[in-house]
Structures are given as C-alpha cells and as structure tokens.
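Single-structure report; data block below.
Chain IDs A, B and C follow the sequence of writing; residue 1 opens each chain.
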Amino acid sequence: MLQYVIRRLVYGMITLLALSIITFTLLQNTGGDPLDRLKSNPRITQQAIQEMAEFYGLDQPGTKQYLTWVGNFVQVWNYPTAWGRSFQGPQQVQELVLNRLGGTARLMFTALGLAVMIGIPLGIYQAIKQYSFFDQATTTFSFVTFSTPIFVLGIGLQIILALKLEQWTGVKFFYTSGMNSTSYSDLSFGARIGDTLQHLVLPATSIALISIAGYSRYQRASMLEVMHSDYLRTAKAKGLSRRSVIVKHALRNALIPIITLVSLDVAGVLGGAVITESIFAWPGMGRLYIQAIFLNDWPIVMAVVMLIGFMVVVMNLLADLAYGWLDPRVRYD
Amino acid sequence: MSEPLLQVSNLRTFFSTEEGIVRAVDGLSFTIHKGEKFGVVGESGSGKSVTALSVMRLIEPPAGEIVTGEITFKGEDLLGLKDEEMRKVRGGQIAMIFQDPMTALNPVYTIGNQLIETIMLHQSVGKSAAAEIAIQALDDVHIPNPKVRMEDYPHQLSGGMRQRVMIAMGLSCDPDLLIADEPTTALDVTTQAQILDLMLVLTEERNTAVMLITHDLGVVAGFCDNIQVMYAGRLAERGTTDFIFDDTLHPYTAGLLGSMTRLDEVREERLYSIRGAPPSLIDPPNGCRFRSRCDFAKEICTRDTPLPREISEDHWVACHFAPDLDLIRVKGEPVG
Amino acid sequence: MTDRPRGDDPNSYSALDIEAEGLTVEPITQWQLFKSRFVRHRLAMLAAVVLGVILLLAVFADVLPLQNPTQQLEDEGGRIVNLLSPRGDYWFGTDELGQDVLARVIYGGRTSLTVAVLTGLMVATFGTLVGSIAGYYGGWIDTLLMRFTDLILSLPLLPVAIVAAAWLRETFQGREALSLAVLLGTLLWGTLARIVRAEFLSLREKEFVEAARAAGARDRRIIFRHILPNALSPIIVNATLVIGTAIILEAALSFLGFGVRPPEPAWGQMAANGGRLAVGGSGAWWLVLFPSVALIVTVLSVNFLGDGLRDALDPTQTIERK
C-alpha cells in the first residue's frame, strides 16, 4: 500500500517534470521576448534592458535557465521569492499566484460541489426511471449541455440571467464580473454573503452545468449496468425490497466508477475556470494565466501550469486510493 | 407421492421485444411435491429459466409478463400475493441459485454480510444469532474455516466455493423449494459433481424440494426423481427418471439422449445431433413446434398442436405418435 | 448435448437472447423499447443528415451565392453597413465591421470543421499506431508506450493547449487551422491508444491470429490484415467523438484568442466576439446566436452520431468514458 503510494508519487513527479519541460520549451520558443514591453519604451536605455536581461537570466542558454528555474521552484518554502519575479514589475510570482489561488478555489469547489450534488443523484434517478419522460427530458438536456462550449454557456447566462433579467425586473440579481463589489468592505455580514453569492452564482453555474451533464450521463450508464447485474437479481431473489435492493446493493457499486470521473474532471474544471474567469473578470489563477501568456511573463505561466498539474496528480492519486477503499477487489501492487 | 408443494397450471409468460411478442413459456403445467427432486431440461430458449423466474415472480413488467396461469405454492396463489407478501416467500420459502457464481454475489460486501442479510430478512433473530446460523450454513456446505471465510469478499473465493456460498445462502432459511438454475454449468467437471452431491445430500436431509434446471440430461440423471423436458416454451415429455431414460416417448427427448456424452460406457453408434435450431417464439405457427427438426414429422404435425397426453401413469408426452415411434435409432440402445 | 449454435435461424435469436439473459433483459414494454430504439436511431440518422448538410455547405461555400465573408459591406452611399439585424438582404445580419454574418457562419464552419476533421484523422492515426504496437508486441515496448500515453493523458489539457497554441501559431505562420489540428491531434490521441491496445491484447490471442502466424504471416500483415479490421469499430466511434471535442476545444481556444484570428472566420471566435459585444450592451444578439447554434448543432450531431455508431458497431461498450 505504502509502496503503491510512493510509486504513484514518483510517477506523478515524472509527469510534473515532463509537464514543466514541455511548457518551458514551448514558452522559450514562442517568439515574444518577455522584455518587449520595456524595449518599446523609449525612456528605458539599452543599458538598463541589458541589466534586466542579466537579472532575470535571459542572457543564459535555455537549458541553464530551466535548471535555475527548477532549482528555485522546488524550494517552495523560500516564500515569496522561490518562484521568481514577474517581468511586469516588482511582484514576486509566488505571492501573486497564491493570492489568486483563493479565487480559483472558491470557483472550483463551488462548481464541483454543485456538479457532484446535482449530477450524480440525477444520473441515478434517470436510471431508476429509465425511459420515463423525466429521464428523456433530462438526458436530452445533458446531451445538449455537453455539446456546448463553456464560454457560450457563460455568455448566455450573463445575457439572460444578468442583463435581461435586470432589464425586465429592474432588480440586479447577479453580477457579470468580479468576485465582490467594490463596496464590499463597507457591507454588513449578511450583505457580504449576498454580495458574494450574487457574484459567484453565474460563473460557478456555467462550469457546473457542463460537469452535471457529464456526471449524470456517466452515472446513469453505470447505474443501469449495475441494475442489470446478476448480483442484483440475487438480491431480489433473496426477498429484499426494491428500496433495499437499490440502496444497499446497487448504489455502492454504481457510485464507485464515478469517483474516477470526478477526479479526472478536476483538470476539466480548472481548464473551464481559465475560460470562465476571463468571461466573468474573476480574479483567479486562470485569468492571471491568460494575461501572463499574452505578456510572455513565463515565470507566472510556469507557476500556474505547475500548480494545476500538481492538483491533477494529487486528485488522481486520491481517487485511486478512494477506489481501493470502496471496492474490495482492488489490490495495490 | 406426498402432497403437492408447487402447482403450476397453464402458465404463459411473454416478453415484449422490438421484433414482437416472444412467447417464452406458452401453456405449461406441472406439479412439484414436497421433497421431490424435479428436473427441468431443455435447450437455451426452451423457457426453463423463464418458468423459474415466473415462479419467483421475478419477471418484471412491463417487458415480461405472466399473461395467464396459476402458480399455487403450499395452497397459496403466488400470483395473487401482494409484493410485500411475495418478498417473504422469496428467499424464505422458495430460494434460488443462479448459473454463474462469479457474478451472483455482490462484490463489495463480505460473504458473511450477504448471508446475515438473508437470514435476518426471513428469521426474527438478532445479528449475532444470524451470524451463528450463517457460520453453521457455511459449515454445512463444507467450507473450511467458516468463521474466517465470513470476512472474505466473493472475489477471494473460487467458483466452486462461491456456488457453495450460494447454496448456503439458499438453504439458510430452510426453504421448502430450492430452484437451481444451471447451478453447475459454469463450473469445471469435478466441481460439478461435488456441488451436485452436496445439494442432493443437504436437500435430502432437510426434505427440501429442488427444481433443477439444466440443459444437460447427464446432470439430472442421478439427481432427480422426475424430469420434465421442455421444448420451445412447452412441455415435450415428463415422467420419472427411469421413464425418460428407458421408455423415451418423445423424439426430442430421444435426440437429447442420443447426443449425450457419457463417460461410463463405450458408444457403438455415432454421437447423434439434432439438426436445425429451435423455432422463433415470435408468432410461432400452429402445430408441433419440434416438427421441423423431427425425423418422424407427418402432415398432422403441421396442422394440429400435440397436447400433453398421459401415456402411462405419470408419464406425459406431447407427440401425436407416442408411444408408437421406434426411437432406438435416434437415442441408441437403452442405457442404465 | 451442448446448446445449439445460435444464428442458424435468423428468426430465433431474439427468443434465445431472452432466455440467455433471463432477468437481465430490461423490462420495458414493446412500445417503450420501440420508441427508445426508434428515437435513438432516428436521432443518429438525423444527426448524420444534419452533419452532411453542414459539411456540404462548408465544402461548397465558394459556389454558393454568398457575400465575401471578410468584406466590409457598404450601402449605396458608401457607408459601411455594420450591426444590421437579420433582414431580407442579410439573413443573419451583419457584424460590427459590416461583414455578412451568414457568409461568415458558413465559411467559419469550413474552418472549424477542417480543424475538427483533421484532428479526428490525426487521433485515429496516432492512437491506432501507438495502441496497436503496444498491444501487439507487449513487453517493454508496451510499458514504454503506455507510460508515455499516461503522461499525455495526465497533462492538464487546456493550459497546455494554450501555451502550445501560442507556439504553434508561429511555427505554422498563417495556417492556423492546420496548427490547431496538429495541436489537438497531439493532445487527444491517448484515450484511443488505450482502447486499441486493449483490443489488440485480446485479439492477438485469438485462433485466427494464431493461424495466420502459423502460416508464416509477418507481423505487419497480421496487424493490418488480421487484427486491425476487427478493432475498427472502437476506432471509428472514438474518432467520431473526438471530432466533437475538437470543435469545442477549438472554440475555447479561439475565445481566448489562441485560435483562428480575424478576419478569418471560425465559429468559436465569432461567438466569442459577438458575446463580448452583447454583454457590453450592443443588443446584437444575432452575432452570438447564429455561430453558437451552428456550433452546438454540429457538436450535438457528432455526439449523437458517435453514440449511434457505438450502439450499432460496438454494443459491449455502453459506459461513456470521458
């Protein structure tokens, strides 16, 4: 067991190493120079730019730059200097990224929570009521949502639930940008919660909708498979009630495979967050990431990619452990 | 014979499929007495499993439906019971064992858990008492170290062991009837014999009636008092084991016997094989359903459906020409 | 006596199935089953027709009497006719630059579908190649290739795609559709490789492969003539479903500015651009609606078709693997 965890962690580290090399190489070979903006500023002398390049190590060969970066990056305890400095100013990357982590986490956990709490029961219910009108209607809904790009959902929600709803009712229900209002610090506690929710609902829903569609489709299929299994027939032949058959014998078996899907979906949700944060001007890591890419600010890009990669690796490991805990057939060796 | 335990009369169980209505069991009647070992033999598609599931009322509407018929168990009309009352019968008075022991047990619960669940469902005992009964039941089916095995998950046991667990589970509540649907088909030959012996000994001890479903006449030969041969959802022939093997009346039974391999004798003739395949049970034509594969078929077989007739005492056959056919050339010399 | 072989009589199989499956046949009425099958197959058929029409429109865009999709249209007075709502001359209206939205949606379909179909082809090629080699040869080749596959599959898709898109765009100067297809093809073949490998692992033990080997066939011949044709169904199904994924990803990348750049039209980019304007209060709903609907209908059709194909070709694989 411990051996398994260690081996998985080693694989995870290799994955992260590969991820860092791939990303770094791509960034190095992407034309723009991180100092372009400084160079185009006539008030900064050639001398100063040269010094900057030396300061950031940009005059070194790529391999050397990479090794220096890795060497510093892994020393996460050297807060806040470990991840280097942004090219755009005096901010330390570690500080910048970790400050944005909270925003992304709020979005991600809300979306994942909604998706798990709605998507999984929905799929189970669809399977129990297979071929009913409810099943067909919600399955169609899942199919359509699953085929829609997340930004279309986000923009659609903005237009209908924020802009139009406000036009029709004259009341502002939801905000289309930001994590809180500028007046947040002046608000009472209750009003703060309200304000937070008014900002959170639309972006979180747009991410969650896609996952709900995915989870329910998967859960429905998995539940149907279990409901056709021999051991469920045995359970019925024992004289168990339909309720016990479903609750005790079907549910646990049907819920096991979804764990893998949810853990794999963390990557999808984080990817979705990159887009959603851009649509809703949400101050999270994803938005920072996009901005940094446009500015060729690679220390930030690297930090965000590595953080996302880290979360994906950890979630996959946790999912496999949970799988083994729930399914006695799984052996770690 | 002792008093009747299960009486099935004129059972019709149909399934709706997109191709049409499948008349899986089409007018079947039989009786199983207390303690009787009753074999049901037929090919895939002959309706034998559907018969068993009909008795258990595990044919679920709306796809499958018991269209007509009566199923009386210990004088009670099973089809008239409320769901709740039927659940008490299932697993309690009628237990069932399925074909594939590898998939018949829930993989995420221990053997003990699944046994105790059954026992507590049908007997008013507490958990620890149920555990005692469960351990005893495992011991009865000769599972070594039953106390330890209680904590095992199904995947930790071999196929034969799992089928023993299924038998233990089936017999744990001391049912009056045990339905075993191809209980040994998925097992290797040596294990098959052990499992059959075990089932016979245990059910003899308890005077439990058994309805043994199989496609293999060899399996029922040493086990059953009476054998019912089914073809295409209907009765072909029914009688004591001796009658079926020695005074065979139906060409289909003869064909089954002729195609049976036996290890205990040297065959002179070629192994017989029944030509063709069973007919579709969607809109089957009138007449005898076996006629297209029958060497003796005449015009009347196309015209009239042969009804079961009692040729001698407790020996029923559904063939126009019984008992006048010379079936020796089909099934070979009488065996046994 | 063994069970009779099935299929001697084509009419007999349904009855046999019922028996063989026993209770596992899901109990539904004839009408419900008929309806569900009908709806499913009808949907897959309908999806194929819709896709066919969309493909034809994209392929023959030049032949159709359409405006130039990148031309800023002017009225008689020489003023640019921007942000016209849908009307007789401009069925889908015009955008903020005065370009005809109908023409852009159709030409945009050409771009988006080129990317998606190329991606599907690349995935089918890569995935089949890696999966078949790994599954056929086994041993250290298998371990190596599958570790690599796992690595690709565990990369966070969108962040890596964004970085790579920026790089590829410079490498493929101007040929953005191709660069996007290369990008998506490189990132999406992992799942198919796993599926193909599993197929090969089981197929290589089959008698007909043994027979071919005994007859002295070489590996290449065994792989391509004997095993691959039997593994074709999952390949077709997966490649079809990848096309839907590719359209969505292309749209996402275009939305973020890493996809196809204006004035060249593509659905995702048009919807994104229109969306920004609409959220900004332009009121020009047609700029969001038409490209979005075109995109969703296409992806939906691809997914329905993929599911229908799976049902028809590969009934054992019923659970979705995302």
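Here is the rule we go by: contacts are C-beta pairs under 8 Å (C-beta built on N, C-alpha and C of every residue); 3 or more make two chains touch, one makes a residue touch a chain.
Source: prediction; values computed, not measured.
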Pair of chains joined by more contacts [C-beta pairs], A-C or A-B: A-C
Chain located farthest away, centre of chain A as origin (C-alpha): B
Chain B-chain C separation of Cα centroids, rounded to whole Å: 49
Averaged-CA centre spacing for the pair chain B and chain A, given as whole angstrom: 55
Euclidean distance of C-alpha centroids - chain A vs chain C, Å: 24
Residue list for chain A, restricted to those that touch at least two other chains: 229-230, 233, 236
Residue numbers of chain B (touch at least two other chains): 58
Residues of chain C whose C-beta touches two or more other chains: 22-23, 26, 28, 32
Interface residues, chain A side, partner chain B - complex: 229-231, 233-241, 248-249, 252-253, 256, 326-329
Complex contact set, residues of chain C against chain A: 22-24, 26, 28, 32, 35-36, 39, 150-151, 154-160, 162-164, 166-167, 170, 244, 248, 251-252, 255-257, 268, 271-272, 275, 278-279, 281, 285, 288, 292, 295-296, 299-300, 302-304, 318-320, 322
Complex interface listing, chain A residues touching chain C: 11, 14-15, 18-19, 22-23, 26-27, 29-31, 130-131, 136, 143-144, 146-152, 155-156, 158-159, 163, 176, 214, 217-218, 221-222, 224-225, 227-230, 233, 236, 257, 261, 264-265, 267-268, 270-272, 274-275, 278-279, 289-290, 293-294, 301, 304-305, 308-309, 312-313, 316
Chain B - residues contacting chain A, complex: 56, 58, 84, 87-92, 95-96, 98, 100, 103-108, 117-118, 121-122, 153, 155, 166, 169
